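Per-chain residue numbering starts at 1, and chain names A, B, C and D are given in the order in which the chains are listed.
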Amino acid sequence: MTEKLSNAQIAWRAAQDIKDGAYVNLGIGFPEMVAGYMPEDREAVFHTENGVLGFGRNPAPGDEDWDLINAGKKAITLRPGAAFFHHADSFAMVRGGHLDVAILGAYQVAQTGDLANWSTGPKGVPAVGGAMDLVHGAKRVAVITDHVTKHGEPKLVEACTLPLTGVGCVTKVYTSFAVIDIVDGHFVLREKLPGLSFDDLQSQTGATLHTDGDVADLTVPEL
Amino acid sequence: MDKRIATLAEAVSGIPDGASVMIGGFGGSGAPIELIHALIDRFLETGSPKALTVINNNAGNGHVGIAALIEQGMVARMVCSFPRSADPRVFTERYQSGEIELELVPQGTLAERIRAGGAGIPAFYTPTSYGTDLAKGKPVEEFDGRPYVQERWLKADFALIKAEKGDPYGNLTYRMAARNFSPLMATAAARTVAQVSHLVAAGDIDPEAVVTPGIFVDGVVEVADPQQEEELNRAGAHHP
Amino acid sequence: MTEKLSNAQIAWRAAQDIKDGAYVNLGIGFPEMVAGYMPEDREAVFHTENGVLGFGRNPAPGDEDWDLINAGKKAITLRPGAAFFHHADSFAMVRGGHLDVAILGAYQVAQTGDLANWSTGPKGVPAVGGAMDLVHGAKRVAVITDHVTKHGEPKLVEACTLPLTGVGCVTKVYTSFAVIDIVDGHFVLREKLPGLSFDDLQSQTGATLHTDGDVADLTVPEL
Amino acid sequence: MDKRIATLAEAVSGIPDGASVMIGGFGGSGAPIELIHALIDRFLETGSPKALTVINNNAGNGHVGIAALIEQGMVARMVCSFPRSADPRVFTERYQSGEIELELVPQGTLAERIRAGGAGIPAFYTPTSYGTDLAKGKPVEEFDGRPYVQERWLKADFALIKAEKGDPYGNLTYRMAARNFSPLMATAAARTVAQVSHLVAAGDIDPEAVVTPGIFVDGVVEVADPQQEEELNRAGAHHP
């Protein structure tokens, strides 16, 4: 079993690439962790689909106001400079290219940038939420994900086999093993865990890994 | 001009079988629980309205609000973006048994289709859903070298929404993230009724602070201490 | 020279058909006069394209606030229950069918309901404003106008010769001589000045006048 | 986050020759006179920017604001709905001499095109202008048996707007009917600068009262006692 990053560590790594002053949307669930690892000298403004810009940490249990929630229906708090707006204005921000980055989870990411993250197939109740809007709206769409599924199958693939969320939309993937850019239809490896060989990483990746100059060590703090 | 309605029963009295009803709210925030429950109470007394099409971001949670509406068998069709919740069992069972039809719409497209309905825009193009299963059968057109999906406006016979303040002209304000779809739905329904937590006199809402101008609202009914869906569900509430 | 109604009297007559509780947009200039003749027991809410609903009379000279104007750039005042909103929301009200009636001026109105009221031809600087939106938005579009031009030419015509504002949009015309409905591509005379014969009215009208039952006397107060 | 800009000169420094500039205001209400005059002053000092495309409901009045911008020969093209005013001579002369090109757009279509630009909607359908000269050359499509004209989004390189309050995050409120096109233009320009009558601290604008959220605004510059175009014109003012 290869050493791998925890979800917290993947989130930490993704947070390091968010610039000061960025407007950011974090997908429901795992991506929400990214907010907790912003470098202290940078300020990002977080957007949630349901009409809040500039929200902060979750309140302490018992302090929730359930009219003040995020897209994942978790209670949030406001930071100075926050604003409320309706859903059409909220998605004008998304679709209109006003968000600097959206960080989403994934079932599969293809080397073409295609993303599958909303449906695992015809069984069950389909639910899409705002993901299809985010992938075609934010200036930069990044994915955070385990490198492989629970069953050890690659999540980074040549072409998605699951229903697509968007076509050619993802440009960066932070996984439990590596940091990978998507450039011109290729996975370009930028960072990998120091204890993992290139060949081992390739064997757990469903499409060819390219390099373009040095591959840096992916180093993250204990969290 | 006096759009005040005295009772919840009166507020929901005009909705017939088969009507399309937009219901405000995102999860529990902004859900007009009292209006929905008044509609259920009417159904329990009279057997109507049924076979409703309900438009909401979600498809109910637990056994109150929209979930309770579904549980009573009043809903034939849901239009929503995310029919999952902490406790989605009521919808899930009806959906899987084929009793309820589902039109799944990306959240931003749902918002924009409703806005378009209210703004007299019969169709628009969006990059959202291009190349996905949700774009199947929809016209695609290229603008400036990029492909877009054509989406149609969405209107409804009725909108039931929750607001914070309302005046006799129908002007409304909202409370925090409870705003969400409600200002859009108010514009896109043939008849919009708002339950307001504070019914105030004309002139008591600053014209700068009005979020929904009264032209979009047909009736306001005061519900002074509204129930919050999330709190009801955490308490395990059922309606009735 | 035939007796004819003054502009004030035409405006008065149009005002009598505005229902209590109606949302109304009045075109720039002459149509603005209609607001002054609303029956006292009825309340209409007036909309102006530039983002105000529920405005009242013009302020006294010296009391103007030039951030509070109507579409004709005249200073206005607010009534209780007024609201401000931006231009897209304002035209959502217009285009979305939320106004009960728009009352506009006209160069020509055709028996088909076509309206020409924005351009007298290629000379000069063209200017359209909100007229093209109003004619396809309001539930009812009425015109107030002199029955003939300054040169005595008919303004009610078989087909407009001036550039169109909208196609098949007008359903009622209040003129200095008559009140006329437009029904299925015909002018249907409802009221005419008592001193004017049908034949005289027809001779000053550029398309066939139809009747459908009695033609009432058009009677208005001295104003 | 600090979007405050110290001076008007700095606020307009990045606008190059040939840029498209949305300018807020409807007639004099909402006209960002000081930003426009700062742009003129820059031009008088440096000869730039020129050959601008200006998007505004009107085309200037008298000899201040947009009229003064035109009078200096800085404008190559106007996009507007109503290029007439109490004193439209400056525009009229340049238009009739062929020095300025005019794109005439129905007012509601202008507003909706700008909103579409900000909302990522490349095209939409409207009943407005169907069958008229202003629809010539535009695609027509029928929806539900009624014909509609296809209109494209409108974006710009810059937006110069006037607001009432602004905070360092760029959140804005407006004053009465001075709101008009400005909230839309803020969304549709690559860079939006607002002159604000009151620059307040972060947190001093109630999140419910924000009309333009800061995400749409790149810079705010305080102009504590702004000039009002209508008042300037009534006083016969010229700039410079």
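In this section, contacts are C-beta pairs under 8 Å (C-beta built on N, C-alpha and C of every residue); 3 or more make two chains touch, one makes a residue touch a chain.
Just so it is clear, the model here is predicted, and its values are computed rather than measured.
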**Study point:** Pair of chains joined by more contacts [C-beta pairs], A-B or A-D
**Key:** A-B
Practice item. Go ahead and note the Å separation of the Cα centroids belonging to subunit A and subunit C. Key: 56
Check your understanding: Measuring from the mean C-alpha position of subunit A to the mean C-alpha position of subunit D, what distance in angstrom results?
Key -> 36
Review point. Per the centroid of Cα atoms for each chain, what is the distance between subunit A and subunit B, given in Å?
Key: 30
Check your understanding: Out of subunit A, which residues touch more than one other chain, so two or more?
Key -> 52, 84-85, 88, 91, 94-95, 136-137
Check your understanding: Do you know which subunit D residues sit against two or more other chains?
Key -> 112, 115, 119-121, 126-127, 174, 176, 207-208
Practice item. Would you mind giving me the full set of chain pairs in touch? Key: A-B, A-D, B-C, B-D, C-D
Review point. Mind pulling up the subunit C residues that touch subunit B in the complex?
Key: 21, 23, 43, 45, 47, 52-54, 78, 80-85, 88-89, 91-99, 136-137
Check your understanding: So in the complex, which bits of subunit B are touching subunit D?
Key -> 112, 116, 119-127, 141, 143-144, 146, 148, 152, 173-174, 176, 207-209
Point to revise | Touching residues (chain side subunit B, partner subunit C) in the complex | key: 1, 115, 117-121, 167-169, 171, 187, 201-203, 207-208, 210, 213-216
Review point. Okay, in this complex, where on subunit D does subunit C touch?
Key: 26-30, 57, 81-86, 88, 91-92, 95-96, 102, 104-112, 114-115, 126-134, 174-184, 211, 228-231
Point to revise | Residue ranges of subunit A in contact with subunit B within the complex | key: 48-52, 65-69, 73, 84-88, 90-91, 94-95, 114, 119, 125-133, 136-137, 163-167
